[in-house]
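Chain nomenclature is as follows: A, B, C, D, E and F, assigned in order of appearance, with residue numbering initiated at 1 for each chain independently.
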């Protein structure tokens, strides 16, 4: 319950930051600090249970039961320690922030900081690996924005930080998933208690490496250390929190948490100790080199975390005790140090050591608290830092592995500690002692108000107090070590352990450090020098650039607007698929009947001629005509195969395609574009491959069964089911009317989009190569007289076409015909009118063709809805209507449906003729009035869209 | 096979051959305007014979009307189509053969 | 087999045209491909029963499978719709060349 | 082999020849004229196939073809002149 | 449930579309006719999800013809979920189009309605030829929407789009023909398991799947998508991204489960292709320099993730894939809409011309970033759950390469999202003269010369994205709801007997 | 009586037209199948007497249908056709041939039969 309260209180705090910010501005930090303090006390109050009796607090709720993920929280000693740090240090930083920032609203800051605290608490309390990961990533996201808050210059560092820590997060995710799948649970404590997976060396090594990557990235360990100083772009309170209690400590927590599983794994020990100590040394050296106090503190964090990682890598209970103590010590001194950097920065206007000096006189309190923190960091008794370092040294000496490994590790630690002493000295001496070195401003710096330095002083004194009363930490550190290693520890923390190796090492570190500080003029001699040729940032940007470049190349693979490329790839894939099938081979049934009749060969020959010619011609007109010939041949084929309606449709469509295509082709040059020979060869190869594939496929995969059950059903039942004897038509308007409905919508939409596209883009003018050369006075020129022949013939044909089309419409259910064929015939009539007209103006067909299309769709849909009277959409209804001359007319709503089809077809043909066939005024897509008057229904559409009138009715232009 | 059938086959075969000769005309005749004669051989006589053959095979009143109508339409439209293409060719300046004796149409232009 | 050969010829020609420059040739290629698939659908119904599925005129026993015929009819109309739209695109905006470099 | 097949072959040959003319031109008008022949050939083929395949219904196709075939010819003529009526 | 209502998902928008053409009418009426069908569909599909949540399958023989003869419309939890998501997206994208003024273009509303009708039909039909028809119903309006709206290159893009899609549809139809040739039916219920038993059916169905893969833009047939989507208007891109490729993905799931019965011997092909898709897509994304082209390449990459679920074909994998699919549709549309709002207002989506928008538009920034983090698979958004379950499924199936790739790719995904973030939301604000003229003229038809950086992005442009980002957050936080439904859907795909029983009564 | 005569003339017309088509077809076909060419082509201006559009159309179409001649251009006032003839020996005989056709058409279209008066000789020489 406590755990739930804790998280809820935090979440509520996050949610209330906008309000607090609005009411209090920067002072919003006070109530937040109070809340954090309260939570700290709440957590502290759990110590008797969690630390004393070793009973962890637990809470659980289902979240993703499908994969066994729960909202499972658990606070043991380890969790308790980190929660204390998160809330305790959090309270100090929040209080500090109220004075650090200038007095105005800081919405994003408080929101993100509290979110950060929430995420961090969640992280250390999560007892579910998925939940752990969720909070882990939340800290990443929060830190990204916190860094980014500082303005444009911070965006790159923020992004670098995000990507690097997200990479670690992904490693953690991989580890989590591996564990879930392996152990069948996502509960962390169960996984860690399970020894079955830790015995599989390969598996445990993989998981260990993944977790180590997460730890190293989050805790800024070599070679991922660069992000932490990089992130100094963030404001100082952010840095203080990030470095002392949150974010980087997440890595430490993770490493400690997984020690029960990996503690005995030499790979883990070695990895952590070697890289940890390397980081400790490198970070300390770099810290000594800095001029900027904040960067110095940042490299110091890198180094101190190196110590922590390395000692966790040792894996013994004693080592974990040392880790626990040092975690606390570091949290206190590092938060104090950062806060003092902020104090100096604000009060003196700079944090550059080259400008600072002698501040102790004007800022004595700050000087004192900084010195105390630095002393703790340097490992000087009686501060807590001294005790923790003693324990660290002791632990390193007992590092696992070969006998020489412990002493070497110890020596490295001493080296790092010496540098630590040196940079601690540089920090305090450079800023507060000596003489002022800079300009006016910091000479006039004054001490901050108590409310500003008090939080820092608290942290600083905490190190002193705990150092003096260190045995009170015994229970806690023993419990932490127990939780982290699953082995009991029996540590007794003391300031004075007697004369032992660790004390000697401490002395050596201090001595060497003093020597180093003296020889390097407190670091000035080393500062600013490039010790290594490349920086981590450079490597990151190099890799980043590299990936972007590779990405660019990848995009280039398909970066072409030539349809040929995009069309060619699928064809090649099909050929490949066919080749594979051919190689593998199929067991096919025998051919079920005769697949060739003598006459068929005529059509094969005709098709070969037509297609062959269409392929080689360079004339657009010839191309069109020849493809038309191929289309006629298809119609003949359909006729051969007994598909009479289909053949008729194909024929009509072919003609109308030519009619429409001509309207377009005249706007284009006579000849097709030239194509390079190499391309011709390539496309020919692909084409032949595709042709072979199609021919073999068609032969092998079709015609090997008797008529299908469905086909048999239709032939047997159509008259009885539908009252129609034209079985194909009954399928179209009865059985599968839904297909036909879709098809008529497709056709209608084609008409609409032609209008829409022309509305937005317009057509090309007639191509110059197609101009008439004969003069206007030539008797062959005047259209009025010269079209008289076609008009006269048209006058006789038109009624025939209309009659014929109506006849076809009505008889379709029983004999060849139906809505499509009838519509195409009717549409042909309009095409004739268009073609025979002596002028464009007289060719214009003054009908609201979009409305005809719409009416077609509505009529078809209406007949569909009639079907609901009998239980289903598009179910045809039947009635026998008595005829005047006797007998009955079998009426079915399928006929209504067919009327809808008819209308849509006619509407589309009208659209094509009017939109493509008529010339428009130059630069205008408007057409003359008159059209509008025919269409009252379209009038309203322009009312509140003056710029784009006719917005739903393309005819209204 | 009755007499009508035989007549039908004869008609059709003859029509097909006429048709073939017409299209050979497309190859052999000298200029565009001459080749239009090939078109009308195929479109008029050729098609007419073929339709007649069909009628002889299915000699019903119904078919007589339909085929008669079809023939009428075919002849009318073939003629108008031929005219349209001839005029189109003339308008875009398709050159007649050198042998052409005179061109009254071109003269109308000069007069104009 | 004859139908399969026809399909092969059309596909080869269609693919060839489709892979050339210029929208019009692409459209023509796609039209050919569309035809060939329609024939494939007919082939899928079987080519050995070739009588008309018009029950007034013939018998259901030898009629061709009507279902593929209905499919083809639908497919023809859809292909027609798209073809006229593609032709519009070919003459809309600029020349129908589909490539920048010549 | 049927008697009529000679005729069928003759028409197909004729259509092939016309196709050749479509291909070679030389003028657009020639292509248009040749296309007309191909279309007539189609009508003729249908008529003969009606005979050959024993389907009276071809009369319908012939009628529709005659009605609409005209459109193709007019359209091609229009293309030759670039749309001039 | 009265199953005869199922065809209304198709019929209602079509009637509305027809009325729009015939009636015209004032703007409010036209907008009502545009929004009402999607709203109704959203409600209806919510009900449908409720009814199918326990695995029930509802089928209706359209026209009441007998089983196996009629075209069946089938709703199970998978199709219900898809219907819900597509309705939501149609609604939200229409609202966005109203805000940008796209809806005033001729036939815009009509085309969107037809598009949604096509999508619904394709999702509900249990007949592969009918699916072809509805895919065409969906595509035709898209051809117009792409070419009539959007940037300068829209006609070029339109040409690629229409030709590739037509070729693909042709291939699809060829596949349908081959299936019919061998199996003698196009009815999904009768085809259940047919490809597993008969290799000839497998070839045909394989061709169908291949065609769907092209439509879904699987590598190596992804190029067309990357070239075309950025050319459309933002609202249209969002609509397409949410609907088009996703219908193809849905169909792949459905058909592979039904016809192939999840046949294990072909799955490796999918694993290879989809893994490649993840990599190529994300690399392409990171190399691009405008918001939309980055997002479009991502989409390709994410399609790889989604389809991996079906390539695993385990209960867990399918569940993860379906969850991913729903999540992705919402998030991707949100991203297109929020970057679209910027593009619409600032006239460009080029990263180097924009900057500092987080400062000016904190809400929009939040909307974008939420969706971006979700896309990259970060908690607490739905993308995290999607990635987690999918990775778990892949680990469970021991697809180690795929696991490694998924993890690595999500880092690069984040990288490219941060590229947008750094280029557009952070960084220097652009000077007025650096921005192009607004891409679309104002609602009053005026075209003003740009003298200032646009003041404020209108709330109406932000709200649609906000709705979707809020949805992804809710799905992430309450993951069990969608996970449950996805699990149910996956179960329906693993064992298709319920579906067959519903459509054939056996 | 007039009507009966007219009906007979109408009935006769198809046979006339058919015969003309057959005759001219064989003429041209002979030219096609024999080597070389006997053609003497020309574009001829043909003044006509046809009054209505129907008559003009019938004449122009018959000209086009008969191989060897094709109507290229039409004018309604004064009614004139421009015909491309493949075998134009001389202008007069060619015009005479057309006039013959016209007579048959007018006989069929007019109740009164073809006008006896010769048209004004507007043609060129």
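Here is the rule we use: a contact is a pair of C-beta atoms (placed from the backbone, for glycine too) under 8 Å apart; a residue touches a chain by one contact, two chains touch by 3 or more.
Computed from a predicted structure; not experimentally measured.
In this view the innermost chain, defined by its CA centroid being closest to the centroid of all protein CA atoms, is E. For the interfaces A-D and A-E, the C-beta contact count is higher for A-E. Spacing of chain A relative to chain F, judged by their CA centroids, is 79 angstrom.
One finds 68 Å separating the Cα centroids of chain A and chain B.
Averaged C-alpha coordinates give centres for chain C and chain D that are 20 Å from one another.
Chain C and chain F have CA centres that are 44 Å apart.
Annotation for chain F: residues touching 2 or more other chains are 45, 57, 60-61, 71-73, 82.
Counting partners per residue, chain A has 561, 563, 567, 571, 640, 644, 656, 663, 665, 702-703, 705, 708, 710-711, 714, 736, 739, 743, 746, 749-750, 753, 757, 761, 770-772, 778-780, 786, 789-790, 793, 797, 800, 816 as the residues that reach two or more other chains. Contact with two or more other chains is made by residues 129, 133, 136, 140, 143-144, 147, 155-156, 158-159, 163, 167, 177-178, 180-181 of chain E. In summary, the structure contains touching chain pairs A-B, A-C, A-D, A-E, A-F, B-D, B-F, C-D, C-E. Those residues of chain C that touch chain A in the complex are listed here as 1-13, 15-26, 28, 31-32, 35-36, 38-40, 42-56, 60, 63-74, 76-78, 80-85, 87-100, 102. Taken together, the chain A residues at the contact with chain E in this complex read 62-67, 69, 130, 133-134, 137-138, 140-141, 148, 152, 155-156, 159, 162-163, 166-167, 170-171, 173-174, 177-178, 180-181, 544, 547-555, 557-561, 563, 565-567, 569-571, 573-574, 577, 581, 586-588, 697, 701-705, 708-711, 713-714, 721, 734-739, 741-743, 745-746, 749-750, 752-753, 755-757, 759-761, 850-851, 853-855, 857-858, 861, 864-865, 867-868, 870-876, 937-941, 943-948, 950-954, 956.
For chain D in complex with chain B, the residues that touch the partner chain are 3-4, 6-8, 10-11, 13-15, 17-18, 20-21, 27-30, 32-34, 36-37, 40-41, 43-44, 47-48, 50-51, 56, 58-60, 62-63, 66-67, 69-70, 73-74, 76-78, 80-82, 84.
For chain A in complex with chain C, the residues that touch the partner chain are 561-564, 567-568, 571, 592-597, 600-601, 603-604, 607-608, 611-612, 614-615, 620, 623-624, 627, 630-631, 633-634, 637-638, 640-646, 649-650, 653, 656-657, 660-661, 663-665, 667-669, 672-675, 683-684, 686-688, 690-696, 698-699, 702-703, 705-708, 710-711, 714-716, 718-719, 725-728, 731-732, 736, 739-740, 743-744, 746-747, 749-750, 753-754, 757-758, 761-764, 814-816, 820, 908, 912, 915-916. By the touch rule above, chain B contacts chain A in their complex via residues 69, 73, 76-77, 79-80, 83-84, 87, 90-93, 105-106, 108-109, 111-112.
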